[in-house]
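Given below, in the form of structure tokens, are the structures.
Same chain, two partners: subunit A is paired with subunit B first, then with subunit C.
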Partner chain A sequence: MESLSNRKKEVSNKEMTFLESIYLPAVFSGMSKTLKHAFRKPVTIRYPDEQREFAPVYRGMHVLKRDEQGRENCTACGLCAVACPAEAITMTAAERKKGEEHLYREEKYASSYEINMLRCIFCGLCEEACPKEAVFLTDRIVPTNFERDTFVYGKDKLVEDVDNRVDITKRQNTGKRGNK
Partner chain B sequence: MDTALLVEKSILILILFALSLGIAAYQTYFERKVAAWMQDRIGPNNAGPFGLLQPLADGGKLFFKEDFVPANADKFLFMIAPGIAMTVSLLTSVVIPWGPDIVAFGRTISLQVTDINIGILFIMGITSIGVYGIMIGGWASNNKYSLYSAIRASSQMISYELAMGLSVITVVLMGGSLSLREIVEAQHGFNWNIWYQPVGFIVFFVCSVAECNRAPFDMAECESELITGYHTEYGAMKMGFFLFAEYVNLFIASTVISCLYLGGYNFPGMDYFEGNLLSVISILVLFTKIVLVIFTFMWIRWTLPRFRYDQLMGLGWKKLIPIALINMVITAVVIAFTRGWFN
Partner chain C sequence: MVKVTIDGVEIEVEEGTTILNAARQVGGDIVPPAMCYYSKLEGSGGKCRTCLVEVAAGSEKDPRPMPKLVASCSTQVQHGMIVKNASSERVKTGRAGVTEFLLANHPLDCPICDQAGECHLQDLGFEHGKEATRYREERRTFDPIDIGDKIKLHMNRCILCYRCVYTANQITDQRVHGVMHRGSHAEISTYIEKAIDNDFSGNVIDVCPVGALTDKTFRFKSRVWFLKPMDAHRDCPTCSGKAVVWMFGNEIYRVTARKDKYGEIETIDGKTAWICNTCRFETKEVDKWNVEGPRLINRHSVISQNHYTLQNPLNNNTKNIQ
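Right after this comes the complex of A and B.
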């Protein structure tokens, strides 16, 4: 049968020819291969000193965006939670009170919004589902921890800081989703 | 005895001692760098500029480790085995001619600790004592893997010494002497033995790799089968001694190859220089050759996988010894003809 990869090789137990049995031609061809590699640019980097650049489409830790006036975009519609294949997102909706207009953009907001980072598969479907441009995946890495419950990220970790906005333009302007 | 001679030889011995250890230390660094280059990596680069202080860091680490002796080990033999390995590997450098004579302080100083007239035999003899270090170390550890490895290593070294000896005989025939100084001087200029003895060179080289217990002949270590073999139970500086002895052996093996086949300190165009300048250039030439041979050893190590034990023995007994024998006979006949011994 034709192999799928087309790289199948039949194993044979035939006697080695004289040239093969003195090993030297094979040794020399191997040595020329390693010598070629010796002059190649290393593929590794000096890690703590240098960090490898992420791909522009990298999908990492989520962010809940605020608008230009610093109001939360999320209206707790729940579409992200519905779209999530890993069922990692959960939220509670609440109604905006008088005097909270500077905090939330619309009348309804998420009083709690949690993403379980151990369940999340970073597929980005929540971002696609969001009609309010509230949730985005960023190039930040979810830090490690020894405790499982610390991986349920609440609004304290997800909502971006008013003075310290998270830049999401790099990923949004790359690939076929670009220039939307 | 002449006091000046004593001083001169002592200084030379001290220099050689320091040089062997220093080169052995930096071989560990070089080996790691070569491995890194061939595997598209960077290699040690954090200790000092370009990682040049790495050997010191490694040595320091070995010194501060616990000096442990297993409960059921033979304590005396366990202690003495690394010492044997180290002493033996340091001994061989005394007969190697490092360069032509130097004239200084009104004396002609020979750059060879002692020119015994059986120099190459001395080297062969001493390196075969080296197997005792491994054998005793493996036996005294009272560990089955160590013992296996010691047995393998010793049988390997004994088998490959035969082919090595046979190819040395051809060199002795070419140079007409067993003294290393005379063998080197017979290769004056570009008249190196490798041009006349390419087969002998390959046999000798392969046997040297086996004698140094390096990949693809590292039957003594076999990380994957024998958990690093005869020094499994060793730690701290005792293991350091074994590793160091191995690298000193590598250095000496490269030197011997350079002397026997690559012309030693001879280089083309050496007749245009004379006096101390010639000596200095010659020493540099010899060390360049040594470094190149060491690089080749490492290059091979990071290219080839290990032989299986039966393949190793088959190669040694069924291939190398017949090749070396035929080579020896042909050389002997040709030399006899050219020197007119049949007339």
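Right after this comes the complex of A and C.
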């Protein structure tokens, strides 16, 4: 019958020639390949002494950004949560009170914002959905832990430190977001 | 009865019908959008100009085309009239221009706005607007005004459609708010910060096409697309008691009137189903409502996102799709 996948191979059972039957040419050609590679630069690296560079668009642990004046960008609009295919993001919104203008950029802010890192599949749709440039994925790796509860990251872990900013310029300069 | 052709669809309507209502009788894509016209409010319409259509032939007697685009909500049909809406390039560019004007002073604070997801200006901008703004000037802003503890007024978002004014005029016995000043200074306001506290005043929230008037008891509580709208009714001495409760789990987050696909409050038993403030603001306990079941939501609407409920494809009851 005709193969539908068109990947069927006919197996032949032809006799070996004399050169093939003594195997030596094949052994030498194989060994020469091995020797060539023995003097080449290794393709592996000695982790963890050495670490590979991350791709500029690597999708690791999230960060909630602040603006230049240190105010939180997130307004708890919920677009990241609705975009999230894994339903990993939850938040509650609150109204900014008088005197909090230096903490939050807009009238509304996220009083709590949680990402469940066990649910998260690091697809980056939250970053794409965010209209306020608040949530970004970074090249940081979510640390391992034995307790499930510790993987629900709240604002304490997600919001960047005012004095110790998380650099995301690399991913902003890549792709269509950077070209705008 | 007069015969009109809208986008190639011939329909017979009663004399005196507006082009917009004739198109609505046909339904579908040929219905022009309307930001200010509200069929349940007398005298509304003619302000926002989003419903502009091209009249290719005025009538059978006088088949000359109308020189300018006309507002379909306030132009009556004539026998033999040929109207072009979706099929007209002029209408497309005209509507894009109107959208740009409506958005010129709009703050575009959708991430904060509670109306986001059910906002007609969002839909209009999505369908007819441009991606970028050409407006360089500073946007018009107003000082916030307190109009009571139940309704929040965001004057910056207002497009001056006058719907709320007509609502207060026509369904309540005293109107305490209106449009102040003229031209580009016009704004919705109350006389000297007077609170709006009529039994039916909450309906101005439902008629508002944008997020200018929003529910203070729902303010920043959730987003519409996280909630599940359910049809519900209760025995109410003041109003019909037929409403939509927006639930999250087993909790009612807000109550609105039942709206049809044009965003207008439905007519139930021959009457427009306005709901009273007690139902809207003060009845948020589940046991006070008889929840009938989930409301049909257009599956392209953001409100139906992530609810993972299978719509019954055999159910053709699309009447109340919002």
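The rule is short, and it goes like this: the second predicted complex is superposed on the first by the 160 of 180 C-alpha atoms of A that agree within 3 Å, B and C clash if a C-alpha of one lies under 4 Å from a C-alpha of the other, contacts with A are read in each partner's own complex, and residues count from 1 in each chain.
Methods note: a contact is a pair of C-beta atoms (placed from the backbone, for glycine too) under 8 Å apart; a residue touches a chain by one contact, two chains touch by 3 or more.
The structure presented is a predicted model; accordingly, all values stated were derived computationally and were not measured.
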Answer with first, second, both or neither: which of subunit B and subunit C does A:A94 touch in the superposed model? second
So in the superposed three-chain picture, is A:C77 touching just subunit B, just subunit C, both, or none of them (first/second/both/neither)? second
Should A:R46 be classified as contacting the first partner (subunit B), the second (subunit C), both, or neither? first
Touching A:H37 in the superposition: subunit B (first), subunit C (second), both, neither? first
After lining up the shared chain so the two structures overlap, which partner does A:L19 touch, if you call subunit B first and subunit C second: first, second, both or neither? neither
Looking at subunit A, which partner touches more of its residues: subunit C or subunit B? B
Have a look at where A:K108 lands relative to subunit B and subunit C in the superposition and call it first, second, both or neither. second
Subunit B and subunit C contact sites that coincide on subunit A, given as residue numbers: none
Residue numbers of subunit B touching subunit A in their complex, please. 34, 36-42, 45, 202, 299-300, 302-304, 315, 319
Sites on subunit A touched by subunit C in the complex: 75-79, 81-82, 87, 93-95, 106-108, 131-132
Could you please specify the touching residues of subunit C with respect to subunit A in the complex? 109-112, 116, 219-223, 225-226, 302, 305-306
Considering the complex alone, what residue numbers of subunit A touch subunit B? 21-24, 27, 30-31, 33-35, 37-46
